[in-house]
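This report concerns only the one structure given below.
Just so it is clear, A, B, C and D label the chains in written order, and each chain counts residues from 1 on its own.
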Amino acid sequence: MKIKVKLFASYQDLAGKSEIELKVDPGASVATVLNQLKELFPRLSERLGSNTLIALNAEYVSVTSPVQDGDEMAIFPPVSGG
Amino acid sequence: MKIKVKLFASYQDLAGKSEIELKVDPGASVATVLNQLKELFPRLSERLGSNTLIALNAEYVSVTSPVQDGDEMAIFPPVSGG
Amino acid sequence: MYLITEDVITSDAIIDQLRINTSGAIATFLGIAREFSNGRRVVHLEYQAYKPMAEKKLKEIGDEIYKKWQVDKVVIIHRVGVLKIGETSVFIAIAAPHRRPALEACAYGIERIKQIVPIWKKEIWEDGEVWIEGDPSKVS
Amino acid sequence: MYLITEDVITSDAIIDQLRINTSGAIATFLGIAREFSNGRRVVHLEYQAYKPMAEKKLKEIGDEIYKKWQVDKVVIIHRVGVLKIGETSVFIAIAAPHRRPALEACAYGIERIKQIVPIWKKEIWEDGEVWIEGDPSKVS
């Protein structure tokens, strides 16, 4: 199945991309996708950790959440608006 | 000596005046002036009491404050701006 | 700026004056002429001020704010005369380096106005009118 | 109204929409692009948003406010793109029957924006730039 992953702020700069499409295996979780991203983007890899925020279809989720075909996932650092 | 007394809000309506000049004796206090006002304006008289606010030359004072020739005194009910 | 005015109060021109390079936050408070007061329908409001003393007291409130919080600029404007429902009776704007002082000072400002500034509100209804009196325990 | 926008934010037009007959108070908060940040001179700021999620989260904050306080209307607008020093980054306006709910809800709104709304600020200095990161303990 296919999902879209969006990256923001410093993560976007580290990956050199704001958005990518990924093929993921059925039954994959957010953690699975994060591991794929770490392999694809070594510079980003070092920054992904407990502070990383993850959204699935515009809602915060944890790394254990399952992903579905067509999902839009987003990963980003702690927000700093205001 | 002469002083000016300003009245505001309901006090102005009760006295039918927004401002009057009064002759007061040397050594008079705010309390003395209040008594003169009570005699002049019986309808106002009933409303003057512990809630009445008094200013002398645009500063809050108590009834014991002495008044001087040329002073501007003001009496008014609790403020309700905002 | 501390002002008693008969003119309509607008925000943007004042806020633009508060955009200074040390400020990261501007908080404003507007008192609005409300249609219903204790269940009675208000047709319009009228505010009366003892103007020279009121402007002096507004400045005192500003001075209190500068002492209590780290703020860059304080503006307080109170309107007098006849106000239609929905119009602004009082406008407070506070610029500060950080958000909490701006917001706290703004809240403090409106409380103090209701305590010490010699301004009175008259409610005019369809069938009568009354001068509103504040809470006398609050004056200092 | 909950909006992420690239346009300059002004107050009066929005405030005029909040002048409704049940409201006696409008509180606003404006975040302002500040020139100095931890001693470094900022040339300009850039805000980036995950727009659909950010607007959704702004609405959630509004819903939280309507639940917690008696307020009439909530407006939250956040600007994105390049901001000059002194420009408004975020604008919150809350109309309420009484002053305390308006002010408290306004303070709550800006705290929540800094916690949950996916927007990031980049500081651009003369000699470099950095994406600012918020406090990760605050997300819920």
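Convention: a residue touches a chain if its C-beta (ideal position, glycine included) is under 8 Å from a C-beta of that chain, and two chains touch if they have at least 3 such contacts.
All figures in this text were calculated on a predicted structure; none of them were measured in a lab.
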Inset, instruction - Find the geometric centre of each of chain A and chain D from their Cα atoms only, then give the gap between the two centres in Å, rounded to an integer. - result: 26
Legend entry - Where chain B and chain D are represented by their mean Cα positions, the distance between them in whole Å: 48
Inset, instruction - Could you check chain A for residues that touch two or more other chains and list them? - result: 82
Legend entry - Sites on chain C at which at least two other chains make contact: 31, 99, 110
Inset, instruction - Sort the chain contact graph into one of these: line, ring, star, complete or other. - result: line
Inset, instruction - For this structure, give each pair of chains that are touching. - result: A-D, B-C, C-D
Inset, instruction - Mind listing the chain C positions that touch chain B in their complex? - result: 31, 47-50, 52-54, 56, 78, 89-90, 110, 113-122, 131-136, 138-139
Legend entry - Residue numbers on chain B that touch chain C, as the complex places them: 6, 8-10, 12-13, 50-51, 53, 55, 58-60, 74, 76-82
Legend entry - Complex interface listing, chain C residues touching chain D: 10-12, 15, 19-36, 85-87, 95, 97, 99-100, 102-103, 106-107, 110
